[in-house]
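Next up, some structures in structure tokens.
Next come two complexes built around chain A: one with chain B, the other with chain C.
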Partner chain A sequence: MSAATDGIPVVGNRGKVLVIGGGITGITAAIEASEAGCEVVLAEKAAYLGGRVARMNQYFPKMCPPQCGLEINLRRFKTNPLIRALTLADVEEIRGTPGDYHVTIRQHPRGVTEKCTTCGACVDVCPVERADEFNLGMGTTKAIYLPYEMAYPLRLAIDTEACLGTECGKCVTACPFDAIDLAQKDETVEVDVDAVIVATGWEPYEATQIEGLGFGTHPDIVTNVMMERMASPMGPTDGKIVKPSDGGPVRSVAFVQCAGSRDDNYLKHCSGVCCMGSLKQTRYIREQYPEAEINVFYIDLRAPGRLEDFLQAQQEDEKLHLVKGKVARIDVTDDGLLVQAEDVLSGTRVSRAADLVVLATGIVPSDTHGIRIEGNGGLATDAHGFLTRAQPSAGVLVAGCAARPTDVATCVRDATGAVMNALQFCTE
Partner chain B sequence: MAEAMLVRPDRKFVEEIIAAGGGDLKKCMQCANCSVVCELSDGHPFPRKEMIWAQWGLKDRLVSDPDVWMCHQCNDCSKRCPRGARPGDMLAAVRRLTVDHYAVPRFMTRVANRASWLPVAFLLPIVLLGVALLVRDPIGRALGFGTDPAFYASFFPHWLIIGLYGFFSALAFIAAVIGVVRFWRAMRRSDAAAGIYAAVNGIPASIVGAVKDIVTHYRFGFCGAQKPRRLAHLAVFYGFAALFVVTSWAVVDLYVMPLMGVASRYPFDFLYPAKILANVGGAVLVFGAVKVMVDRKRAQGPGAVGGTSFDWIFVWMLLGVAVTGFAVEIFRFTVGPEPAAGLRTAAYATYFVHLVLVFQLLIYLPYSKFAHVLYRTVAMVYAEHTGRHRPVRRLQPQGSQLRLPGVTPATR
Partner chain C sequence: MDRKLAVYVCKGCDIGASLDIDALKDVATSELEVELCREHECLCGAGGRELIRQDVLEGVNAPVVAACSPRLMIDAFTFDGCRTERVNLREHVVWSHEPNDEDTQMLAEDYLRMGVARARKAELPEPFHEEVDQTILVVGGGVSGMSAALGAAGAGQDVVLVEKAEELGGWMGRFKRHIPHEAPYRDPQPSNIDEQIAKVRGHQRIQVHTDTTIEKISGQPGQFDVTLHTNHGSDTTTSLRVGAIVQATGWKPYDATRLGHLGYGACPNVITNVQMEEQLASGPPKRPSDGKPARRIAFIQCAGSRDKDHLPYCSAVCCRVSIKQALTVRELDPEAEVYVLYKDIRTPGQYEDFYRRAQEDSAIFFTKAEVEGVGEAGDHNPLVRAKDTLVGEDIQLEADLVVLATGMVPAAADGEALRRLADAKAVVAKGEAGAQLEAAKETLASLSHMDGGEILNLTYRQGPDLPVLKYDFPDSHFICFPYETRRTGIYAAGCVRAPEDAMLAREDGAGAALKAIQTVRLATRGEAVHPRWGDMSYPDFNLQRCTQCKRCTEECPFGTLNEDVKGTPQLNAIRCRRCGICMGACPERIISFKDYSVDIVSSMIKAVNIPDEFDEKPRLLGLLCENDAYPALDTAGLKRIRHSANIRFIPVRCLGSINTVWIADALSRGYDGILLVGCRSGDDYQCHFIRGSELMQTRSGNIQEKLKQLALEEERVRLEQLAINEFDRLPEIINEFAAQIDEIGMNPFKGF
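Now for the complex of A and B:
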């Protein structure tokens, strides 16, 4: 089989690769493997591709929107006949040996078929509201929803847990294209591949677990991932950074670094990117509020390599205060939120008022316990729950944040490396 | 911030802190979580700065630091430390080493606090009291004291107890005064060197403030993770205080009241008010000491306060004094006028043990954990004096510093 897309010769005789996870790592791996001539099956558990990156507003240090790179990648993806992408798909079992794996994938019903044009007639009639999971619970969608504007596949999906089912059926009636099928059931897909690339990515740390920081007790205490959505023009506030409590403007913001991270009581590891992430977010604030006081409370500021320049540029901001001291407590008072810390460099207690508090929560590896590996139970993990690079079965390769917390650029390089490794197990 | 500081680390002192119970101090990464978690850390935050002083072996700073003594070791800081560095335990170790540091003579701290030196700790009063018994009759005759017909006084006369305990208590008192005076001066010197010494309150007012706090255990009440410890400490404190008052009254009753023409009522009847106070105080002390032990033994997890020989020897001593005191009392009220020889021996032996334990408690005071009575009090007075002892305020914005626009000290 041979074809050509974008001038790149595609040769489908280099074997077959399964990529688990459709985030930036998985998308990159799938494209790279296909462009090297492999057939690719990509299994993504959500209803759309893009993962965490799709929810970012901008990348540091260039402050460019992820939608740009994501769009390019998705285009390469869509036009590539060697890639078969499965969404709402959970990999259940991997059997066999390198070069000869048999994989069982459970595909959950989307309820919406290829006929969908995203006209939205169904959304108008749907009676059920659900928390908007893409926007981390900020706002709601209907039970039938479009995950986000650039979602791929560009089709609505039904949250089967929220949906009232055939008893309601209003969407079915409303759809002018007969694209809704509420009778869809779980399906099992079996594929045979030569290698598996695990790019299951990460979840933000559950901030409600952190004692003293009050997440969940006050709407103006948000997490860094929520901040990305708020700053995003496609987010729940159309890109306007406001106090979630009343939608009002923000005069002061406190960033709480290591919220639960580097902490034996919560998440032991350093996620390595939250310092830069918060510094990046201070720019979002500054763009919208030139006069806002910004305090960033940190244990250590981690700005490796060229990122030092980014840090130094931020230090020029006179209303940005970098305070060395971990925040142990946020008091909710009649006068607003008070962030409590010790300023280590001066040895004094500081208590700073903040209209908005952003908790820089860390990166937790996605749960991969559902994936059974013949003879090994599951994927091998390290002390922090990340997948080890060396898996018991040599043809199972790990890339991106599934292996360790890191930034997008590293994930992309990781994906290429994993593909190079996978090719060793691919036979013609 | 700008001037250079020459740090002279005392590595031996670091090892001493580790040996005295601060074994996890090197895990500290200076995040300062502890200084905020602590409900008592306010104007001069602790224990973050103490952790780095400990890591650097800055002994001079630590043994002259009043903040070390503001801590009641609730271990909120240890419980929530991200690294398991256990700042609360480190402060306890520094308190022990502070007592060591100012002790005169220093070898007495070993006698009083080390499990391996316990035989010596017991032998010292046993020998002294034994010698006193041997010379009881000749000295008594020489000084003109007649034989006291009372049950215990016929064995160990009051004049002998008061003479012996008075003499050695005076020595201990002198040692204690030397220690706390040096401690006070060190705190002043240290603050002056750092340019932060300020006499905010007069000494009398500061003493009143500290005593108020101690009597109510006010600041102790803010401790979170180990809240039950406050009740135990209150019981030990008031139990002991009651016994101390009654003992003092007994001396007054025996030797001062007769001078004023009032006949001594010693030994007190069971229903005599001072005796009732003594019995209640003893019971409260036993309850408190046992609760201290049970709380320490039961405590689990990162907030636990285990303690070292420094703590355990002291609390056992307190319990021993109270229990033997009750045993002595039971013998006194149950033996008839002509007790059998065996019963008399048992009673006297118990009394002897009681005297040995009381001797240890009093004479080892400047060296044992008992010394915290002095050092903590002095530190609290100093804290009142210098105004660092600000009342604990929660959820209270403190002046313009907290209001918007919250301009902050530059940290870069």
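Now for the complex of A and C:
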């Protein structure tokens, strides 16, 4: 059999891969590729890596924080010379053929250079508040902000739309390290790679579009992604789950499964994770409110594989009611919110009061129209907007929620498998 | 090479404004006698880095950088040929304590003393170089195994593929049509397994051994010596060497003979989904009792699944398999009617379209139902009794044919149980007596059904196969690291690891093959694999002082150590994951890493200045898991959350690497309390070294015993579990512990 001891390569010996997207799928793909010997360029559109998982409080079924795995993964990023991570970067065009791609990436200004030490002096003097997009608009940050406490890169960024620019310039004066550059402009980065892994991930479905469920009409109707932020110690409420309307305690909660999912009017697909997501969130509630009444309205409870254990465990909770039935509407009354649904098993209509309603909205693939493929327009999608496995060019591979809605563990496996497929096009 | 230290104190980020920098430098130069000590306004900036680089050119090779957290600015403070020691003055001192305060200053000075103590002892690791074979062994020739083999071979690796059956293809080779794995996700797809088999057979880098099992695997990643046993009429044995292994041994259908209550065995017209698959391969389904066409077919979902008396888990594919079979039935026989009785239909993602396709067929009826049993009506017609249906009443459904959607059981071997079985056999064979014999007999009775079930036949001290987790899947248990394994260089893939469909199994095979490639690549470089990727340190055993207590070999979560006949540990360094659990386990303290050892940490503990009992300044020691608790404390600092300045923290690779001598050293040195903070243990353990946190729990029991013997209060040593995002709770824990120690009073050994 083959053997190798000498001539150990110091840098990449398996070609070069571009990863689009710096969520859990992209991070994993980048690390796995680099540890197999590839050089990697990762392009993330946000100012930090971590994507959707960075905003989650805990993963099901272990109820562990995503930051734990991210810590290990990002340590690899920090110490692996084969990986180059670009943030605030949009991939614009992929030209060429498998094994020989040329990619154009547009890098947007961060306004803060690598000299930044996160000391925070700039934040104190910034006069502008903007909606905190990391916390889904719940709360605000300054126009110069740290995306979140465990972000990578751990460096401030400027929201260029909110920033008053050089006319203000207070942050520039306050920074002891000369790390702020308000004159930064978009730059173009060109990279040559052998294969491309598209890991552009997902967005939460826009809940205001769902008729009857009242999102946007009452502050105590929230979405599942908002719930993650509310439960997180790093979130807008420091982890306290309260009624957004008055900050008061929550005595009853209703989870509306398939809110806009498996529905011909909105999303036809099942998002695959919302059942487990809501069951997980019932634990958040139970931990803070041992007496709260919780109703979960569902069509089918989807807890595949060994996740079934989690469902079984939750069924032990006597104040948790799993009701098979789709919610027709949510009424806002003087006494609070009333969830109107049909209990399919008993054939009766049920009406349940709730202090807090959580809409389990689904996963929508992120918009990838900005990525042009030479000679073909863009990336190929299926009827639901997810990227198909077969793309116009064979060396363009798709992984994670860009291809289908799925959970974190599957995304990670997917990413690893995609790297194996990418290696087929990597030349030494 | 001579060690030349130099201390660099950063004054940026509030450090200069919060501490007496001259006094701090004085500790370095006068007290610690470090020749060179410099300060700078911003060490991580170009000027600061250049300052250090110049000194490195002049011979400094052990810079001690007193600035921000070692988790940050790693590149900035990495210098060729140097081991940089980082002292966390920012997050752990000035951002979490009162500025310009005596206690804060003492804390900073102690951290500097500790950093210098480590810098004086820790060395840059040198990689462990051995000849490494690059071949990947794939065990199992189903979809996952073939995918692993093709992936690895396509990436330029040599592959040996072993399949115990005479043909490649596994279960999918016997099925004619698949669940659709691509858009538009509506109709069953023809199998392309033959194409895949031909690719495997034709690949010049893949050596295929069918009708073959593994007789023995010894060695370690990069150096696995494998003996294969091939039947083919005459038995032959093949020996070869490989570098890493993918176990893709697949699944078995759940034993339907245990489903008598669902009519299996009693009624000839009750069959399983696997039997249905075989029927559909040759035409419209027929009734086994009389060979007549089956026109009215009922599928019972979750037959023996999601059932605590059978398989408690969901096999994740049976809903889609039944939909596929229902659609196939309808296509082959437009007269047929199909009923699907389910608990929940589970068609995630775009597979909803597949479900929708079946719902559009007016002769396929889906109903939620709790099936109570299947009896027999006339003419061997199965009679299904169900309740809690969508129509709200109990029903009886007479059918021509009932298909039980049975689940998947992993085709795995429980390595640890097999080890216990072998041990028990040895006890009986030796003719032991008494309680030992009784225990052995009990083990034999409970595990004898596993006898001969070995798959990999590893010659590992901790058993011949991968350890399994819940429901016998050799899975990783980690959400973020699904390929994590407790046997380095051996990766499970496909349905042996988790119940899944063919597409996922194929992807899984590819992913596992990638991990196998990484193993041989990193082994070639002398580097560790996950989670201490790239670490070149490895444990060094001073065996002259070994007492053969076997704690290291037993406690290593990764089966790194074998034993010789006397019980002396034998290191297989490439199996090692560098957690240091062996180091924590060893009562003789003979196990060390170049940059992490009992002595190094003891020196740090002893470096702290302990005020005498009249100063009323208690001193606490904190040992923090470097992956979770340490970053949590950094985050607390970033949020400027204060905690008691009486405590000194040392990060550890894993709580399991804590040697109890450190506790003894600390107590005899005069520390008043010791706080150990690690990851959650138990069923949902978060320890990335699997057992580290749990082992510390066991050891802390022994520590409590010791405290009692010394007439010390057991509260002086506290073990806490903390998640990385609980940065708000950690300062609370620290302050509460500090308050408790204040109440208990000073350590009476102080000053002795």
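A few comments on the model shown:
Quick note on the criterion: the second predicted complex is superposed on the first by the 417 of 428 C-alpha atoms of A that agree within 3 Å, B and C clash if a C-alpha of one lies under 4 Å from a C-alpha of the other, contacts with A are read in each partner's own complex, and residues count from 1 in each chain.
To be clear about the criterion, a residue touches a chain if its C-beta (ideal position, glycine included) is under 8 Å from a C-beta of that chain, and two chains touch if they have at least 3 such contacts.
Every value quoted in this text rests on a predicted model; they were computed, and no experiment measured them.
With both structures placed on the common chain, the touch criterion links A:262 to chain B and to chain C.
In the superposed model, A:340 makes contact with chain B only, not with chain C. By the document's definition of touching, neither partner reaches A:313: not chain B, not chain C. By the touch criterion defined above, A:321 lies against chain B but remains apart from chain C after alignment on the C-alpha atoms of chain A. Set side by side, chain B and chain C differ in how many residues of chain A they touch, and the one touching more is C.
By the touch criterion defined above, A:183 reaches neither chain B nor chain C. Comparing which residues of chain A touch chain B with which touch chain C, the overlap comprises 262, 300, 324, 344-347. Those residues of chain C lying in contact with chain A across their complex are 12-14, 41-42, 44-45, 68, 71-72, 74-75, 129-135, 151-152, 154-156, 158, 181-185, 240-242, 306, 312-316, 344-353, 356, 368, 388, 390, 392, 470-471, 473, 478-483, 498-500, 504, 506-511, 513-515, 517-518, 521-522, 524-525, 529-531, 533-534, 627-628, 631, 635, 638-639, 679-680, 684, 686, 688, 723-729. On chain A, the positions that touch chain C within their shared complex are 1-5, 8, 14, 24, 32, 35-37, 57, 59, 61-73, 75-76, 78-80, 115, 117-119, 149-150, 154, 176-177, 232-234, 238-239, 262, 268-272, 300-309, 312, 324, 344-347, 382-384, 386, 388-390, 404-406, 408-410, 412-414, 416-417, 419-421, 423-424, 426, 428. Contact residues on chain A toward chain B in their complex (touch as defined above): 211-212, 251-252, 258, 262-266, 293, 295, 299-300, 315, 321-329, 331, 333, 335, 338, 340-353. By the touch criterion stated above, chain B contacts chain A in their complex at residues 1, 29-37, 41-45, 48-49, 80-84, 302, 394-395, 397-398, 401-412.
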